[in-house]
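In C-alpha cells below, several structures.
Heads up, the next two complexes both have subunit A, just with different partners, subunit B and then subunit C.
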Partner chain A sequence: MTVLLLFHFGAGLVAPLLVRWWGRQAFLALALVPAAGLGWALSRLPTALDGGEVRERFPWVTALELEVVLRLDALALVFAALVTGVGALVLVYCSRYVEPGDEDTGRLAGQLTAFAGAMLGLVLADDVFLLYVFWELTTVFSYLLIGGSGAKVAGRRAAGQALILTTAGGLAMLVGLIMLAQASGSTLLSEIVADPGSGAMVVTGTVLVLLGALTKSAMVPFHFWLPAAMQAPTPVSAYLHAAAMVKAGIYLVARLAPGLADVPGWRAVVLGVGVTTMLVGGYRALRQHDLKLLLAFGTVSQLGFVLTLVGAGSAAVGAAGLAMVLAHGLFKSTLFLSVGVIDHATGTRDMRELSGMGRRLPVVTAAAVLASASMAGLPPFIGFVGKEAAFTALWDGALPDRTAATVVLVGIVVGSVFTVAYTARFLWGAFARKPGLPDTAPADLEHEPGPLFLTAPVVLALVGLAGGLAASSLDPLVAAYAETLPQLLPEPEHLALWHGLTPALGLSALTLAAGVALFLARAPVQRLQRRVAVPASADTGYWNVLQGLDRTAVVVTGTTQRGSLPVYLGVILVTVLALPGGLLLARGSWPAEWRLWDNPLQAVTGALVLVAAVLAVRIHQRLAAAVVVGLTGYGLAVLFVLHGAPDLALTQVLIETVTLVAFVLVLRKLPLEIGGHAGPRVRWSRGAVAAGVGVFMGLASAVALAAREARPVSAEYSELAEEAHGKNIVNVTLVDIRAWDTFGELSVVLVAATGVASLVFLRGRAGAVAQAEPEERQRAPRGRRAPRRDWLAASSTLAPRRRSLVLEVVTRLLFHAILVLSVFLLFAGHNAPGGGFAGGLVAGLALVLRYLAGGRYELGAAAPVDPGVLLGLGLLLAGGTGVVGLALGAEVLETAYFEATVPVLGHVTLVTALFFDIGVYLVVVGLVLDVLRSLGAELDRQEEEGEDEDPAEAEVIAR
Partner chain B sequence: MSPDALVGRGTRQLPVIAWLVLIWVLLWGSFSWANVLSGLVAAVVVTVAFPLPGVTEHARFRPLAVLSFLGFFLRDLAVSSVQVAWAAARPGPPVRSAVIVVELRTDSDLLLTLIAETLSLVPGSMVLDIDRMHRTMLVHVLPVTDEADVERQRADVLVVEERVVRAFGSSREIAALDGPDGPPAEAAADDAGRNR
Partner chain C sequence: MTPTIVLPVVIAGLYAAGVYLLLDRSLTRVLLGFLLLGNATNVLVLSASGPAGEAPLVGHAGSGEMSDPLPQALILTAIVITFGVSAFLLAVIHRSWRLVRQEVVHTDEEDRRVAARTPRHADAMDPDDIDPVDLAPGDRAAVVGRPTDVEERLAQRYPDTASDDVGLPPTRGRTT
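Let's turn to the complex of A and B:
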C-alpha cells in the first residue's frame, strides 16, 4: 500500500515533465497510476469479503511515536475503488479536455495525480494522525486545483474560501482526534472504534471530529464553498467535488459510526444536518441555470442524503449508505464530465442558451441519461438499489428511535422528490430542444468529442447500470461493512434490485411522480421560489465575517501601530524594565563578590563607550550620531579583544563598519538634523529609560553569570572542536556543533535582505546592479578632481563633484588585496580567527569601497550578479553540505574529514565544514551587496532620474 | 574604460599578482610551497574574477630611494606625533592652524595619491582637496604661528613630494622636479599665498 501511495506522489512529481515531453497524452500514462491502484484494491476483494483486512505498519517519526499504519477492509476498499477508478477515468478524460497548447497542463496533471494519492492515503490510513495529514493534503490540493493559475479573481476567492472552511474544520477535527485517541488510549482508528472509552472527552472529541467531516463534505451551514468551487476545471469538479474529496467527510463518519454512533449527540447532529442539507441542496438546485452549479447543489443535497445514511449507526441504513456512496460517485462524475463535454463543444453551460444538444451529442446524451436515471432512483440502476434499501430500512424503523426514523424517512422522501425534479431539469436544460431558442453553436461543433473524451462518462454510466443489475453480488461487500454496525432490525436486509411489491417501492413511485410533477410545474415553482427567497445566504454571511475580521484588524493595527519609532522602542524598553527588571530587583540573587575589571584597559574602554553613549543622546546631527553610536560598537570590540576573543572582536568590528555604511547610505536621504519635536523633558525621560535599560542589562548579566550552577556546555567545546578538526572553537561552533543554528540564521539573513530590497525597489523586480551603457561612460565630464586616467571600471560615469583622485587610486590598489584577505579569512577560519562570516563581511567591504569610489555603475561592474543568486546559492551550499553529510552516513550537518599527503604541497586536510562556511560567506556577501544595491545604487538611480517614489496604487497591489 | 582594455592585460597584472601572493603568504605567517601555490591560485582567481585596469602606469621602484623615503617618513611620523601631542596638551591658547595651497611639480595620479597619503598619515598635516587639473593640493597644517611657518610647511610638502617621486617616479617625473615646466601660470598666480 505504501508503495502504491509513493507511486502516486512520485507520478505527481514527474507529471509536469511528462506533459512537457508528451503533451496532453501524458494524462494517459498518468491514468495508469490510479488504475494500478484500482487493480490492486480489487485483487484484495476476497479478503475484504471474508471480513478480513490487509495491514501495513512501520515507524515514521519515532521521536513523536508516529507510525504509518495502513489497512484495507471492506469500507476502505469501496472508497479506494471509487477514488482510484474515477481518478483513472478522469485522467483519461483530461487528456482530451485540455487543449494541446494550454499553459497549466503540467500543473493540473501533477496536482490531480498527487491528489489521487492523498485521497487514497486518506481512506487507507488507520492512524488518526496519518489520516489527518492526508486529509489536509487533499485540502491543499483542492485549493491549488480550484485556484488554478491564480489568474482569475473568482477562482482565487473560491479557492481561499474552500481552504479556510475545510482547514478550520480540519483543525477542529485534529483536536477531536487527539481527544478520541486520549480517551481510547490508542491512535489507531480500528482500536478507537472497537473501544472508544466514555465520558465528556469522547463526546467533545466526537463533536469536533464531526465538525471536520461536515465542513469537508459541504454540509449546511458550510455547504456554500462547494458551489463556489465550481470555478475549477470540470474534471477537477467531477473528481474532487463529486467523487472523491467531498466523500472524505462521509468516509470518516462511516468509519467512526460503528463505534461512536451511540455517543450522545452523534445521531442528532448527523441526522439533523444530513436531512437539512439534503433539502436545502435540492431546493437550491431547482433554481440554478448554470448546469455545473445545478450539479453542485445537487451534490450538496446528495451528500446530505449519504451522510444521513452512513451516520445513522444502523446496519441496514449503513449498507444503503455505502451503496449510495458508490452510486453517487458514479452518476455525479458522469454528469459533471458530460457537462464538460457540452461546455467544451459549445462554450456555454447556461441552460438558457443551450438547445437541441441531445441530437448533436448522442453519446454524451446517452451517458447522461443513464447517470440521471441512477440519480433519480430509477430501476435498474444502482441509485435505485441504494435508495430502495434506505427507504426499506427506515420504513422498518432501523433507528433506535421510531419517531426519528419516521422524520428522517419523510425528510429523505421530500429530498428525493427534489432530486427527481432537478434531475429532470438538468436533462431538459442540457439536451432538450427548447421552443423559441435556436440550436446552440454553429452547425459543426467547435470540438467534436472524440472517443477518448467520451470514454470516462460512458464507462462510469455503464458501471452505474451494471452495479444496479448486479446488486445482489454487491451485497456481500456492503454487508461486510454493515456487519460492524449495530443491528437494529430483527434480521439483516440485503441489497437487491427487486424486493417485491414493498412499501419502499411505493415510496419510490411516489417520489418519481411528485418529482416529475414538480418539474412540469417549473414556471410557477420558480416564481414561488423567487418570491420566498431571503436575501441572506450562508455565502454572504461568510464574506461579512471575513470583512468584519479585516476591518477589525485594520482598526487594531491602526490604534496600536502609530508609526512612531520612539513609542515602539519606548514600550519595549519600559516593558523590559518593568517585568524582567522588577523580577531582578525582587528575586535576583546578587553575586557575593563584585569585580569591576580584570584589566584597567577595560575600565578605560568602558569610559570611552560611556562618553560616546552620552554624546549619542546629545548630538543633533544624524550622521554624527550614527558615527558615535558606531563608536560604542568598536568599544565593545576592544572589550572582546581584552577578554581574549579575537574572533568576536574581528566580527564585531566588521559588522560595525558595515552597519555604519548602511546607516550613512540611508541617512543621506533624510534631513541632516534629527527632528526637534521633543522638548527637554521628553529627552530627559528618554535618556532615563535608556540609562535604566543599560544598567539593568549590566546587572542582569552580572547576576546571570554569578547564578551558574550547572557545568557550562562550553566546557566540552574544546574537545568537540578537536573532534571536528578545528582549532578555532568559535568557528567550529558555528559550522559544526551548532550548525543548525547557523543555518537558521542564514535563512533569517536571507529574509531580511529580501525585505530591505523589496522596501526600496518599488518598481520592477530586483536583479543585478545595472552596468553602464557605452554612451553613459562618456557622458560625465572629468572635472578638476578626477584622476587623469581610469583607475576603476566605471568611475568615469560619476558626476565630477563626486570624484576623488585618492579614493579611486587607493581603491584600485587595495581592492584585490582586501579580497585576498577575505579569502584568507574564509580558509583560515577553522583554525584561526576568521571564518565565512568575517570573510564575507570583508569581501562586502571591498564592494562598499568600490561603490563609494566609483558610484553605482562601478558596483555593477564589480559584482555583476543578482544578490538573490548569491543568497540562494549560499543557502543551498550550506544546506547541501548537511545533506551530503547525511548521504555519507553521518548526522545532518556533521563534519566529514579527509586528509592526504600530496607531493610539493605536503599534508593537506579538507573538512566538509569548509563548504558550509563558503555558504555562509556567499550569504553574507549577498547581504552586503543587496544592501548596497538597494540603499545605494537604487536610491542613486531614483535621485538621478528624479523618479516619483510613490508608485501607483495598482502596482503596489499587483506586487 | 572600455571592456577591451580590461582583457589581454595579463603581463601588466604580474606585479599585482606578485603583491597579492606576498600578502597571502604573510597572512598565513609561514613560507611553504603550499602557501605560495594556493596564494597564486587565490590571486589569479581574484584578479580574473574582478578585472580592473592595470596599476603600474610608468611607476618605478628604486630600492635605495624607497628606503630613504621610508626612513624619512618614519622620522616625520615620530617627530610630528610629539609636536602635535605637545601642541594639543600644552597650556595656553588653542593651537593655530592654516590651510595652504601647494603647487606640485609631479603629474601622475599614482604619485599624487602617494604624496597625499603620506602627508595625511603624518600627524599635523592633512590633505583636504586635490586639484588634479592644476596639480595643487589643499593641505591643512598645524601648528602655524606666522607667515614664515606657512612657507616652511609649504617647503616640507615639496620635500615629501621629492622623496616620493625619487622613490617611485619615472625618470621624466624626476626630471620634472627640477625642470621649469611647472603648472599653468595663471593657476599658480591664483592659488599662491591663499592661506589663513
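Let's turn to the complex of A and C:
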C-alpha cells in the first residue's frame, strides 16, 4: 500500500515533465497509476469479502510515537476502488479535455495525480494523525485545483472559501480525533471504533470530528463552498467535487459509525443535518440554469442523503448507504463529464442557450441518460438498488427510535422527489430541443468529441448499470461492512434488484411520479420559488463574517498602531518594567551580601563611563556626542582588562576606533547640531522610562549573579582548549567549541556590510574601489607629485589643502608594520590574546590610515579587491573548515589537526581552526573595507561629482 | 555569587542613558543610544560571568583563578555585531539625509492611514476581498469576471424563469 501511495506522489512530481515531453498524451500514462491502484484493490477483494483486512505498519516519527498504519477492509476497499477507478477514467478524459495549447496542463496533471494519492491514503489510513495529514492534503490540492492558475478573481475567491471552510473543519476534526484517541487510549481508528471509551471527552470529540466531516462533505450550513468550487475545470469537479474528496466526510462518518453511533448527539446531528442538506440541495438544484451548478446542488443533496444513511448506525441502512456511495460516485462523475463534453463542444453550459444537443451528441446523451436514470432511482440501475434498500430499511424501522425512522423516511422521500425533478430538468435542459430556441447549430460545435473523450462517461455509466444488474453479487462486499454496524432489524436485509412488491417499491414509484409532476409544473414551481426566495444565504453570511473580521482588524490596528516609533518602544519598555520588573520586585531573591568592587580601579573607570554617558545625553552636537559615546566604549575596554579579559579589551579598543571613523565619515555630511528638541513633558516621560529601565537592569544583573549556583559550562573549557591545541580559551571557544555561533555571527556581519553598501551605492555596488587613472594623477600639478610614484601616489589626486604631510609620512612608516602586526595577531590568537577578530580590525585600521592619508584612490590602490569577495571568501573558508573537519572524521566545525616536525620551523601543529580564524579575519577586513568604501570613498565620489547636491524639489519625498 | 556594587551601577547608568537616547526621534541620537545599550549589555554579561580573575590563557593561570571565558567569547562577537549594525544605521542616516534632508523618525504614514480608514472600507484594499454586494453595479463585472449584459439579456428573454444568486463564468470555448 505504501508503495502504491509513493507511486502516486512520485507520478504527481514527474507529471509536469511528462506533459512537457508528451503533451496531453501524458494523461494516458498517468491514468495507469490510479488504474494500478484499482487493480491492487480489486485483487484484495476475496480477503475483504471474508471480513479480513490487509495491514501495513512501520514507524514514521519515532520520537512522537507516530506510525504509518495502513489498513484495507471492506469499507476502505469500496472507497479505494471508487477513488482509483474514477481517478483513472478522469485522467483519460483529461487527455482530450485539455487542448494542446493550454497553459498549466502540467500543473493540472501533477495535482490531479497527487490528489488521487492523497485520497487513496485517506481511505487507507488507520492512524488518526495519518488520516489527518491526508485529509489536509486533499484540502490543499482542492484549493490548488479550484484556484487554477490564480488568474481569475472568482477562482481565487472560490478556492479560498473552500480552503478556509474545510481547513477550519479539519482543525476541529484534529482536536476531536486527539480527544477520541485520548479517551480510547489508541490512535488507531480500528481500536477507537472497537472501544471508544465513554464520558464527556468522547461526546465532545465526536461532535468536533463530525464538524470536520460536515464541512468536508459540504453539508448545510457549510454547503455553499461546493457550488462555488465549480470554478474548477470540469474533470476536477467530476473527480474532487463529486466522486472523491467530498466523500471524505462520508467515509469518516461511515468509518466511525460502528463505534460512535450510540454516542449521545451523533444520530441527532447526522440525521438532522443529512436530511436538511438533502432537501436544501434538491430545492436549490431546481433553480439553476447552469448545468454544472445544477449538478453541484444535486451533489450537495445526494451527499446529505448518503450521510444520513451511513451515519444512521444501523446495519441495514448502512448497507444501503455504502451502495449509494458507489452509485453516486458513478452517476455524478458521468454527468459532470458529460457536461464537460457539452461545454467543450459548444462553449456554454447554460440550459437556456442549449437546444437539440441530444441529436448532436448521441453517445454523450446515451451515457448521461443512463447515469440520470441511476440518479433518479430507476431500475435496474445501482441508484435504484441503493435507494430501494434505504426505503426498505427505514420502512421496517431500522433505527433505535421508530418516530425518527419515520421522519427520516419522509425526509428522504421528499428529497428523492426533488432528485427526480432536477434529474428531469437536467436531461431536458442539456439535451432536449426547446420550443422557441433555435438548435445549437452544427456550426457552433467547436470540437467534435472523439472516442477517447467519451470513454470515461460511457464506462462510468455502464458500470452503474452493471452494478445494478449485479446487485446481489455486490451484496457480500456491502454486508462485510454492514456486519460491523448494530443490527437493529430482526432479519438482515440484502441488496437486490427485485424484492417483490414491497412498500418500498411503492415509495419509489411515488417519488418518480411526484418528481415528474414537479418537473412538468416547472413554470409555476419556479414562480413560487422566486416569490418565497429569502435574500439571505449561507454564502452571504460567510462573506459577512470575513468582512467583519477585516473590519475588526482595522479597528484594532487603528487603535493600537498610532504610528509613533518612540511610543511603540515606550510601550514595550513599560511592559518590560511592569511584567519582569514586577516579578523581580515580588519574587526576586535579593543578594545576601554585596562587595564594593573587584578592584578599586573599577570604581574610577565606572565613574568616568557614567560621566561620559550623562554627557552623551546632554550634548546635542553630533560629533561631540559620538566622541563621548566612544569614551564609554574605551572605558569599557578598561573594565574588561580589570576583569581579566584581554581579548575583549583589545577588540573593544579597535572597534571603538573604527566606529568613530565611520561616524566622522557620515557625520561630515550632516549639520553640526541635532535639531528638533522635544518639549519638557516628553523629555520627562522619556527620562522616567529610561531611569526605570536602568534601575531594573542594574538590579536584575545583581540578582542574576546572586542566583547563580550551578557549575558553569565553561568549567571544562580549559581542558577542551588543550585538546584543541590552543591556549587562549576565548579564541578556542570562538573558533572551535562554539564555532557555530561564530559562523552565524559572521553571516550577520556579512549581511550588515552588504546592507551598508546597498544603502549608499545608488547604482551597482559590486566591484573594488576605483583606482586612479593615469590622467587622474596627471591632473595634479607636476611639482606637487610625490617623487616615488608607486607609494601613496594617489594622494596626489587630493586637493592640496586636504593633504597632510605628517599623516602621509606616518602612514608610509607604519602601514606595513601594522599589517604585519595584524597577521601576527591572527596567528598568535590561538595561544595568546588576539585572533581573527582583532587581527582583522587591525588590518582594517591600516586601510583606514591609507584612506585618510591618500583619499579614495589611495584606498583603491591599497585594497584592490571587492569587499564582497573578501566577505564571501571568509565565510566560505569558515564554512569549508567545518566540512573539512567532517571529512577528516570529526564533527562539523570540530577541529582536526596535523603535527609535523619541519626543518627550520621545528615542531609545527596545524589546526583546522586556524583556517576558520582566517575566515573570520577576512570577513572583518571585508566589513571594514566595505564601510570605508561606502561611507568614505563613495561619499567622496558623490561629492566630487556633484551628486549630493540638494535634490530637486520634486525629488524630495514629500513628508 | 556575590555581586559588586560598582558594576550594577555602571549597568544602570548606561542602560538609562541608552534608553533615553533611543526614545528620541533623531536617528543620530537613536544610534548613539543603540551604542550605549550595546555597551551596557556587554557589561551586564561581563558582570553576570562572576568575579574578576586572571586572563583565561592556559598556563598563564590555574583554572580556579581564571575569569570565565565563555561570556567573553559571547561579548567579543557582540562587539563586532554592534559595529556592523551601527554601520548599517549610519548608512540609513546618510540615506535619509540624502533623500529628504532629515534624519528624524517621523510618524508612520501607513499606520496613520490605517487608523484613519473607517471600518466600512476596511477591506477595500484587496480586490479579492471585496464583496460584490458592496460595489457599485458598474464595478461588479470586473469581480465576477463576466459582463453582466448577457445575464440581463437572458433574464429579459425568460422573465418567468427563476434566477439564482450564484453564477459561473464559462470555463472555455466561446464567449457568448
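To be clear about the criterion, the second predicted complex is superposed on the first by the 609 of 959 C-alpha atoms of A that agree within 3 Å, B and C clash if a C-alpha of one lies under 4 Å from a C-alpha of the other, contacts with A are read in each partner's own complex, and residues count from 1 in each chain.
Heads up, the rule we're going with is that a residue touches a chain if its C-beta (ideal position, glycine included) is under 8 Å from a C-beta of that chain, and two chains touch if they have at least 3 such contacts.
All values derive from a computational prediction rather than experimental measurement.
*Asks:* Now for A:796: first (subunit B), second (subunit C), both, or neither, which partner does it touch?
*Replies:* first
*Asks:* Please indicate which partner A:661 is in contact with in the superposed arrangement: first for subunit B, second for subunit C, both, or neither.
*Replies:* neither
*Asks:* Contact-wise, after the overlay, does A:108 reach subunit B, subunit C, both or neither (first, second, both, neither)?
*Replies:* neither
*Asks:* Please work out whether A:871 is in contact with subunit B alone, subunit C alone, both, or neither, and reply first, second, both or neither.
*Replies:* neither
*Asks:* Looking at the overlay, does A:323 come into contact with subunit B only (first), subunit C only (second), both, or neither?
*Replies:* neither
*Asks:* Give one of first, second, both or neither to describe whether A:33 is in contact with subunit B, with subunit C, with both, or with none.
*Replies:* Neither partner.
*Asks:* Tell me which partner A:805 touches in the superposition: subunit B (first), subunit C (second), both or neither.
*Replies:* A:805 contacts subunit B only, not subunit C.
*Asks:* Which chain, subunit B or subunit C, ends up touching more residues of subunit A in the combined arrangement?
*Replies:* C
*Asks:* For A:820, is the partner it touches subunit B (first), subunit C (second), both, or none of the two (neither)?
*Replies:* First partner only, subunit B.
*Asks:* Okay, in this complex, where on subunit B does subunit A touch?
*Replies:* Counting only subunit B, the residues touching subunit A are 1-2, 5-6, 16, 19-20, 23-24, 27-28, 32-34, 37, 39, 42-43, 46-47, 50-53, 55, 57, 107-110, 112-113, 116-117, 127, 129-134.
*Asks:* State the interface residues of subunit A toward subunit B in the complex, per the touch definition above.
*Replies:* 774, 777, 784-794, 796, 804-806, 809-810, 812-813, 815-817, 819-821, 823-824, 828, 862, 904-906, 908
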